[in-house]
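These notes open a run of structures that come right after.
In the two assemblies presented below, subunit A is common to both, partnered first by subunit B and then by subunit C.
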Partner chain A sequence: MFRKYRKKSPWILHYNAGSCNGCDIEILAALAPKYDLERFGVINTGNPKQSDIFLVTGPVTFRSRERLVELYTQMPEPKVVIALGSCTCTGGVFRDMYNVEDGIDRYIPVDVYVPGCAASPELLIDGVVKALEILEEKTKAIEKPFRLFKEASSENGIINRRHSALKVGEKDEED
Partner chain B sequence: MIEVMLILFAPLIGGLMYGFERVLRARMQNRKGPPLLQPFYDMYKLLDKQAFIINPYHTVLGIMHFLTLWTVVAFMIFGQNLLYIIFLHLLSVIFIILAGFSVNSVYSHVGANRELLSALAYEPILIIVAVGFFMMHGSFDISVIRQNSASIVPLFLLFLAFLLLIPLKLKKSPFDAAEAHQEIVGGVEIEFSGVYFEFIYIAKWLEYVFVYLLLVLFAGNNAVLGTVLFLGVFLLVNLVDNATARIKMKHVIQIVLGIALTLGLLNLAGLSYV
Partner chain C sequence: MSKKTIHIPLGSQHISLLEPVRFKFECENEKIVGVDSDVGFVHRGIERACTTKFKFDAIGYVVARVCGLCAITHSLSYTVAIEKLLGGEISKKAKYLRILLLELDRIHSHMLCLSHTCENAGFEAMFMRIMGDRELVMEIQELLTGNRIQFDYISIGGVNRDLDVQTAKKIIENLALVKAKVFSYIDEFTNNWSLSLKFKGIGALTLEDAYRFNAIGPLARACGLPIDVRNEIEYLPFDEVGFKMQTHNDGDINARNMVRLNEILNSLEMCENILRGLPEGEIFTKLKGKPKGEALMRFEAPRGELMYYVKGDGSAMLNRVRIKTPTFACIPAFSHIFMGEEYADAPAILASFDPCLSCTAK
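Right after this comes the complex of A and B.
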């Protein structure tokens, strides 16, 4: 009954992984009176332990990658990662530079890519809405039990599960 | 019976107040703002989140903070001794300070330090307010204070001192250095997550109920004056919150102890001569 209220309170953790501040200003613009993301319940918390959406800007610089992974691991499940801006998706204009790691998906799994240099507030809002759908799916997936193995096969009286492991995304036959 | 219901629904009332405040602040900034029930949506979402336990004492102290604060609100609604309530409230603050010091996070330590300093600043004034009520009505019992007529005129300086204290207690600008979301990320509440953060979140709502219940004591048995006081102060506190910037903890203590304590003592001295 209350399922639909689950996605009404996304709290955002914003991390600047060496961005030029262009995308960060667009985030502020999205939170400011004109677009007012808070009317959807979005709060920019700044605390990884209480947030749902990890909003990263900037190509990952050499210095910031450890913090990036650390912040990602400090966020409780379910969580969604948004890569905001061209740099964050692919490295952008900084691609192949010696101090840049070409996008965050080398280090953490990304759910939504929002391109643009800088990404406009409208695109950011679209990205957050998409992220909320993914967040809802992830919340459901956590509740649902799943199996790691199919039925164990037995050959000559020896029970063997080595070949019965389910691959990622593969459905169990009983489903 | 109605008192028991009020106590049970005190967190809900606090949540509604917090939601209304968020809408009000958004309107003051020319924004649309979140829906009124937004705090409850937050609570519902936090139920689903994974909870990290840093250490058991930290978590238990957080829950104790919430339970003690609820007891404080319950005693206020039942009309118990005001002095006892103020000291019990101090106990709940001490629980959250201990929780802040029980983890290794630097932000948590800074937040707990500032919480302790702000407790140092407002506790004397709360006690002076209680003494003022005692000198007016001859009793510390809230039920007696509620039966007598409004005491805001003889206690006007104390009322002003209490007004200074409300932003400090509710962690609003300019006295929100103890929470300071932009610099120390919430202070003591930083290491709480998932279900355990909910207790801290509800405790924040109960703090609203506590402060405004104390405020309406100035109106005595006059319900209309109480409502006017509540609405006016609610608007004023939010207006000040929107219009001012954060000041340093040192200045918070100087302002609160310097101005509010002086006002309170002046009022007490005046009362003793009359």
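Right after this comes the complex of A and C.
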């Protein structure tokens, strides 16, 4: 049941990691009647524990990086991260300033990059729709059963599992 | 009833905040008795980068990224300061176009503030209505400059795009629509009973306190303090296009909303006057040389007075750029207003200040 409704109504957590407000007000504009992101069931929440999509704006400043990582770790799996705006993707105009960490992908993995200064609501909607696809894939990947061990090898009649454990990300040959 | 106080944090990440700011409220039951604020989360080091990384002709576009809402005021203040140092005279048409965009920016910023105040007071429908109507102004800005938020419209010596006849026609049409909407908001804000419960008499600042805490912008004008930089400067002809000071006497959230609504009406009138009496001429004058000397420039951003100090020594790199932003000057007044209010009203009061933290921390 959760799988069905997660796709139908993804909740967004928005965090400003030092942006100029431009992208933040475009998020508000996207939620407002003209662009109406809420028709996809999207709602802006303040609680990381109920959110599916993490929307970050701004190059990461020195003081906001701890909170950024903390918010990311508090969100339950599956989760998607959208980097909104040029400065979030690469640092943009703020690159190499002394208090800026040049983009969020130094700290957390990013799934969708949305460029633009400021990113327009149309691009934001495209990004969220793309994020929904990724969210669905991630949900499937989580729910798929996987094996911890390969076929047990037996030497001299003794079953030995020592060398048959699968490493992280390694595919089972029978798959 | 115990005398024990509880500490409640608001932020740095909160649903009612667009930007990271942290307030620590010391509450006695429901009353706020102490406030501690921390605004430095978004400090990026723009002032430093302006003197080491960028040449003087690019900084106009860099300082626009200090703040997305008052981007135009930032780049305008810097550009006018540099023009003062280079010693050139720009054409009258360029000056009028600059005022036009400045006032359009003020309209959309005030509308955002009003809608955000309504949202934080729990009136979601009004938020949606104002945000929907704000798109009319955003549409004009996109037509005029090519972008919705970060315009990059002003360059040293003039403006980057000319205004053609069709755009002017469209602007006048949209502004007339906005004007009708603003009158309906004034009706709603004065007569709606549930909004009056949240706004009237809450978060009040007296005239003496406004003097004492050095309040500026709509916050001061709502207390009856007539300060507006547009009234005091000469390098842009604000008096020619019909600027009028808007003040109110109550000092509470409702007064701030009314001041903002009246300012929107005044700005609409100014935009119309500009479009109907736009002078002929070039939009761009080439200015030569490198900035040498010091210049101080003040402008009225949507939130209050914005001050730029620029110092150059005749090379392409500047020696010092200092930005003093409106929200920074208002923080003592903010902290004073929170004292003695209910904790439940805190988000609405905070939104009614229209704080801009990315300006403050730079």
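In the analysis below, the second predicted complex is superposed on the first by the 145 of 175 C-alpha atoms of A that agree within 3 Å, B and C clash if a C-alpha of one lies under 4 Å from a C-alpha of the other, contacts with A are read in each partner's own complex, and residues count from 1 in each chain.
Going forward, a residue touches a chain if its C-beta (ideal position, glycine included) is under 8 Å from a C-beta of that chain, and two chains touch if they have at least 3 such contacts.
Keep in mind that this is a model prediction, so the values were computed, not measured.
Using the contact criterion defined above for the overlaid structures, shared-chain residue A:33 touches subunit B and also reaches subunit C.
Residue contacts after overlaying the shared chain place A:99 against subunit C, while subunit B stays out of touching range.
When the shared chain is aligned, subunit C comes close enough to touch A:19, but subunit B does not. By the touch criterion defined above, A:139 lies against subunit B but remains apart from subunit C after alignment on the C-alpha atoms of chain A. In the superposed three-chain model, the partner touching more residues of subunit A is C, compared with the other of subunit B and subunit C.
Within the superposed three-chain model, A:46 lies in touch with subunit B and with subunit C [touch as defined at top]. Shared-chain residue A:129: touches no atom of subunit B or subunit C.
With both structures placed on the common chain, the touch criterion links A:77 to subunit B but leaves subunit C unconnected.
In the superposition on chain A, the residues of subunit A touched by subunit B in one structure and by subunit C in the other are 33, 45-47. Interface residues of subunit A facing subunit B in the complex, by the touch rule stated above, are 2, 5-11, 33, 36, 38-41, 45-47, 49-50, 52, 76-78, 139, 142.
Residues 22, 26, 29-35, 38, 41-42, 44-46, 48-52, 181-182, 185-186, 190-194, 197 of subunit B are the ones that touch subunit A when the two sit in their complex.
Across the complex, subunit C meets subunit A through its residues 12-16, 18-20, 40-46, 48-49, 53, 61-62, 65-69, 71, 112, 116, 127-128, 131-132, 134-135, 138, 147-150, 356, 358.
Chain contact summary for the complex, subunit A toward subunit C: residues 15-26, 28-29, 31-34, 44-47, 58-59, 61-64, 67, 71, 87, 93-94, 96-100, 117-118, 120.
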